[in-house]
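Order of writing sets the chain letters: A, B, C, D and E. Residues in each chain are counted from 1.
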Amino acid sequence: MNHSPSPQGGDVLLSVRNLSKRFHTASGPVKAVEDVSFDVGRGRIVGIVGESGSGKTTAGRCILRLVEPSEGEAVFDGVDLFKLPEKALRAYRRRMQIIFQDPYSSLNPRMRVGDIIGEAIDTHGLAKGAARQARIADLLARVGLSPEHARRYPHEFSGGQRQRIGIARALAVEPELIVADEPVSALDVSVQAQVLNLIQELQKELGLTMLFISHDLTVVEYLCDDIVVLYLGRIMEQGPSREVYANPRHPYTKALLSTAPIPDPTVRRERVILQGDIPSPLDPPSGCVFRTRCPFAIEACAKAVPPRESVSPSHSVACIRQAELATLATQKVTA
Amino acid sequence: MTRYILQRLLGMLAVMFTVVTIVFIIVRIAPGDPAAVMLGPDATPADIAALRTRLGLDQPLVVQYLFFLGQLIKGDLGQSIFLDMPVTRALAERAEPTFFLTLFSILIASAIALPVGILSAYKRGTLFDQTVTTFAMFAASIPSFWLGLVLIQVFAVRLGWFPVAGYGGPDASFLTRLSHLVLPAVALGVVSSALITRFTRASMLDVLNDDYVRTARSKGMGEFRVVMKHAFKNALIPVLTVIGLTAALLVSGAVVTETVFSLPGVGNLVVSAVLRRDYPVIQGALLVIAAIYVLINFGIDMLYILIDPRVRY
Amino acid sequence: MAAVLSAPSPLTATLPEDVVLRAEDLHTHFIVGERAAKSVDGVTLTVRRGETLAVVGESGSGKSVTSLSIMRLLAHPGRIVRGKILYRMRDGTVVDLATLPEKRMRAIRGKEIAMIFQEPMTSLNPLYTVGDQIMEMIRLHEPVSRHEARQRARQMLELVEIPAAEKRLDQYPHEMSGGMRQRVMIALALSCNPALLIADEPTTALDVTIQAQILDLMRRLQRDIGMSILFITHNLGVVAEIAHEVAVMYAGRVVEQAPVEALFARPRHPYTKGLLACIPNPERDRAADGARLMLNPIPGNVPSVLNLPPGCTYAPRCPLVEPRCEGEAPGLVPAGPGHLSRCFRHELL
Amino acid sequence: MAAVSIAPAPRITTLILQRKTLAIGLAVILAIALFALLAPLIAPYAPNKLSIVNRLKPPSGTYFFGTDEFGRDIFSRTIYAGRLSLTVGAAATVFAGVIGITLGLVAGFFRRADTVIARIVDAMMAFPDILLAIALVAALGPSLATVIVALGIVYAPRLARIVRASTLVIRELPYVEAARALGVPTWRIMTRHVLRNLVSPILVQATFIFAYAMLAEASLSFLGVGVSPEIPTWGTMIASGRQYVGQADWMTIFPGVAIILSVLSLQLVGDGLRDLLDPRLRKDL
Amino acid sequence: VPGIAQERGGVVNVAMIGELASLDPTVATGDLLGTVTQHFFETLFTFDKEWNITPLLAEKLPEVSADGRVYTISLRKGVKFHDGSEMTAKDVVASLHRWLELASRGKLVQPNLAGLEAVDDHTVRLSLKEPFAPLAALLAFNNSAAIILPAGKMDNPLKEYVGTGPYMLKERKADQYIQLVRFDGYTPREGDPNGFGGARKQYLDEIRFVPVPDANTRVEGAIAGQYDYADLLPVEAYDRLNGQDKTEPLLLKSFGWPMFIMNNKQGMMTKLEMRKAVQAALNAEDMLAAAFGKPEFYTVDGALYPEGYPWRTDAGTEAYNLGDPEKAKELAKAAGYDGKQPIRILTSRQYEFHYKMAQVAAEYLKAADLAVELQVVDWATLVQRRADPALWDIFITHSPFLPDPALIAPLPATYPGWWDNPEKEKLLVALNAELDQTKRVALFADLQKLLYEQAPLYKVGDFSALSAKSPKLKGYDASPWPYFWNAYLDK
């Protein structure tokens, strides 16, 4: 049942299986992530999209063991990260890093840029003295800053530059996997493009593998090789991004894609405007969590959690009506 | 809402329980045998042994603690050594001046602080604001006993408007007794108005920048209504907390003020008890005052229900 | 329109019949000590009757300050230091909002010009029911009874497609989702039938699916009610969807205003062009073999409003820069039919 | 690519001088501290030197602040008293700081410790400060050291509360998460990332605690349950001058003014620091 | 001032120096206690203006047998207790027994007691083993007092306060007031008032004793007219009180003498050299000046009785008022003093002059390299603590000049300080047994000399007391133990 599409080409660096995370809050358990499985091929960028509260960040943090997952496994290079004791985990911390959305709170305002990057180096004892300085300078140069910037404090930088510093910190330990949690969402478009370019360059140069979390479908389409669509903590659809964008099979993915604004006034698309709001994760709907907003929901949707159905070797959908809807959609387009 | 009340109630009980424990510890860290201390130096060893047994002091600490709790649940705070009466009675006798003193000080403080704080926040940066801020800070810097001495000199001795000290004789009418409270209430009220003013100002400043205040203005509403209806009501939530806190703090201010004005209140009793080494009274007063604090806070939490629909939920 | 004929004022002359609002060379500065943050430094824009003018620009370009200047709701050190904000009232008279006495301004807020804000979570007062807040607005401007006001409030909620409107009236903001609150804000803004609605990034804080709902709603309401909208956003996609006309702001100035198709088809300012090029576009950014191509970012950063460069503020980042740009500030000049551009070299584009 | 053209950060001294009240407060409290420190050099008389013939002399060229009932020089005593009052305030603040910061950090970081610590802190806050101090002094026996300890214990919960609240916020911030992702050990996160960012609120709060501790010490001494009356503190001086109000007002006025000045200037400093260090308020400069 | 326009009625507020732990003047001593309780408890005898013993509840002075061993006391008839019952010999015998057992002064007599019985309803006979000259004075004294209680109402501690005095206790609110009201069943003695003796008139309706421990508040309260009488004010207030319209100063010359009692039982002061060191170190004049201000308020005098008293003698006083640190150092060294262990001086601020003297003393002791620790507590606590020899080395108290040396509190070895010296005991016994006044004076001189040699206590000097009273309060005679019968308010 837990078959997941193997990414095209290359080996799998990270394999997430049945990841669940429940937060216990005063008003009851929050199912932030439920039964999420996907693979990340070495050297690929996997995008995770979904609306606010869909569990993107939580999934990313679980994989890095920044919060303890409730269930599941995350096999990184053959080792299940979730089973590692804290000590052993430390060695793996070097191999996986995270970059954040908010360029303001992701850097300690009281530390110099050099120390922020240096802390990564020190923690893993990667270099000392002059070698350390050289390495910091090198990292700064790599993200497009100059070595003198090491002596400055974060508040002396613009948002885009801070994001670069955050990236330099992540790169300092030469990680294999980077979880990027909406790294460009807070940036203006002109700066966003700079950072996206940087990420691409680095990925190519260093052969990085990346989990790229975003709610901006345009960016994900542009940047990611594969895409995972989350809704209320569950995967709705996943597959190679070109395939999914070209041929979305889940009603939710369709709605998402159709409502994402396109900067071209001449394009007038057929929109699927979803009704109502996202239900509370405290009390998610039974069966298919999307059914309350799904224009195609039928009674059966409420009965059971829809199993994942493959539509192509690497493209799967969690919708019991995906097959009939596929024909429905084409009819509409032709009509 | 029930859940909120229950939560607060449980929280209150938990704090009270800890308070009791702390008081228990404080009295135990006093060097020497509490029984000997309680009975005073004239006590015979037999008396001391008897009291030890009565208080359970010969038992292990845990048992003593449970015994102490048991007594408390029965409402027994022990017997005052010096006054030769139950501590509960001693406290009850002193409750009136302290209660009214606190009440008046709070009223005086709020009457000064709320309007001034609101206006000062509204006119932030102006001369008025600076004057108010500086003055509030100045008022908060005056030791209340010093202010008390000055007030006595000016209004009681020189001008003779108010009595110098005490709380009236046996047949003093309620009004006469209250007249004894005017100066101390002013002394306390002025000092605590400083705190409330500053807090009101800060809280108003926060709120005045909030989006809904801008929304209210964008409706075309007059400034007065914007400030009072939309801003102040929101600002009031934290301010209430501070007023509650102040009410409790006033009890401690009362310790000093009551002494200066020779008011026979709980504060005065505590000071005399310390000087008289009357440990049961100290212990009882601590407990009762902490309980009042906790109750006031609980009351304020309950007030929130009236003001803030979010907690009603 | 009789009023216009009977009492022609010098102001009416400057405002064409189809224009509801026109800001002319508006300067709003925040003055702290000796330093002035020139947040709005020469904004000229025009909102036409029944149309939507979208104002786009990056963060800090002065969009919000412009809208707050129009509403005269600037926070403390902010001041309109120069310029006019001409507004045509529903009775046809034209007033300059920049100098209007506060009392008259109050009558305009809510009644003539209403506003909605970016943060639906905080824009409503948490202590009053949404019904109270809408009724308050209605009763401020119209002499109606509580009961009538409540009826009107309910109708407004129905208008913005809130289900179970009657029940919702008695709910508090915290009992509603973000999208729902933004609908309430819209209902509130529209409750006195304003001629102009200013919406400051009303969908930025919302999810795409909710954003789509709200945009759809606003489009429909404009069609049905016929009000004008000043729509502030930084999302060019949203602009393409909702606007009739677009004004692009950069560092406190409008650098280009044009009808939406014209602007996207052929931007006449290098900044606008740069912005459009920044946005990933799968067709453009993929090579034939599917490999990704690099994006085309605008180099550098937005200048600080405390320290604007002389001349054209975009000059330091502009690919078309020539010596003249650094010394002299270009004016907003026609660059096509209904197309204005603040660039000396707009012909080159 | 160059850093944004942000004007060079003004030096801290300039920032201080720009805030008039902060500068004044700092100047006054430093002057008082200096006077206290240099008491042996400045004071014209030994603080405890009796001179019965010169008792209750009004302020004059010989006795700037007059003399007390033992003919001791009020000016000299006020300066010397400053030493003790400031020491008590400072020592109580440090003591409160050590306990409060440790408790706050631990509570903020370890959930299990938090339930206990938060409870204790809440309960401690239920006692009015002076009252708790009185009770503690009564229990520990009155002396300079116990007054310091008592005041430290009284004010520690306030700091603990602030530190805990801020820790809870900071520990969730992305930069702390980044440190955890790097595998930085917890204690280093506590000191480097959390504590370092708490310096300003702690500093501000410490200034206020300093001020309140001085006031509280004065109250305790005035009530006669604090420092031994023969040790000159401003509180004990006012307490002994109390009998001579209306007759030798200088005995209460000068130490009273000294307290007010110190507490006021400390509060000015605290307030000034707060808006100097609070980035929210700093924006508008 | 009898006979002129006294009016009945009115209430006086008397500001007293503190609160009382108990209202039983038999069990405890203390001027404050005597002052308050003498209004409702009476003794068989009392003192007149000239400090002569005069009968109060007794009909007349006792008839003493020639050998001085048998005292026959006849009682007044028709004396009523506050509960309405009539005082009989039975009550008196029971009360005297209680006194002999519980009162510190009574305990002096107890061992000497041979018999005590009611002769008839109104006569009591007390017989001694040995003659005891001060007996009548002891019976007349108002604290550690031989008060007469109803036979059935003399629990220990007292449950009810039923006496025979002109006023009776109505209500007591700790730290607020002690309210006394006129006892209508009181029949005063015949004739005119004479000091504590003679007729006790009851003009006032009520007397309220208000505890005002803060001396300054007493002064301010007097000035503001809140108190009709304010007791024991700091002498510095004299000038302020003068010329006020609501109050006037009242100076009582040679009121009494402050003393430093040394702990002769436990601790470092048990060493004679150490006591002498303290004696040598202290400068009485400075202490008096600091405590009482102007010279008219004090006398630097080492004699136990001031000029004018028959007991006056200068014997031994060369050791007084030395203020000689060098000598003190030597003596301390001889005592083996280590220079570190502090001399614990127990004092109270209730009597501000005690505290001031303590401060001056501390400076002088420090000048002699003696470490000092001041323990400042309230008076009630001091009274409690001084009973425990482990707690202190010196405590400060004072005493009025008493009519008979036998009444001097610190002389008996039972008094805290515990001066237990065989020679002193011998002198005391002789003094008490001797009936001839000249011989008694000579014996007392020896006693005073011994006191200076042994230094069990240090007499600081003589002082005058300042009180304040409302000008409206008339018929009041200044006294170390202020009393308000006979007083009335001028309306």
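Keep this in mind: a residue touches a chain if its C-beta (ideal position, glycine included) is under 8 Å from a C-beta of that chain, and two chains touch if they have at least 3 such contacts.
Keep in mind that what you see is a predicted model, and the values were worked out from it rather than measured.
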Between subunit B and subunit E, which partner chains are common? D
Tell me, please, which chain's centre (mean of its C-alpha atoms) is farthest from the centre of subunit A? E
Need the CA-centroid distance for the pair subunit A / subunit B, whole Å please. 53
Averaging over Cα atoms per chain, report the distance between subunit D and subunit E in Å. 47
Just curious, how far off is subunit E from subunit A if you go by their C-alpha centres, in Å? 92
Whole-Å distance, subunit A centre to subunit C centre, using C-alpha means? 33
Interface hub residues of subunit C, defined as touching at least two other chains: 299, 301
Listing for subunit D: what residues touch at least two other chains? 1, 4, 6, 224, 242, 245-246
Provide the list of subunit E residues touching at least two other chains, using ranges where the numbers run on. 214, 220
Applying the document's contact rule, which stretches of subunit B touch subunit C when the two form their complex? 124-125, 209-212, 214-222, 230, 233-234, 307-310, 313
Partner subunit D, residues of subunit A touching it in the complex: 61, 64, 66, 89-90, 93-94, 96-98, 100-102, 105-111, 116, 119-120, 123-124, 144-146, 149, 152, 156-158, 161, 166, 169-170, 173
Quick check: in the complex, which residue numbers of subunit D touch subunit B? 21, 119-120, 122-124, 126-132, 134-141, 211, 215, 218-219, 222-225, 235, 238, 242, 245-246, 252, 256, 259-261, 263-264, 267-268, 271
Touching residues on subunit A, where the partner in the complex is subunit C: 51-52, 158, 160-161, 188-194, 196-197, 200, 215, 217-219, 221-223, 242, 245, 255-256, 259-267, 271, 273-275, 277-278, 293
What residues on subunit D touch subunit E, complex-wise? 48, 50, 52-53, 55-56, 69-71, 224, 228-230, 242-248
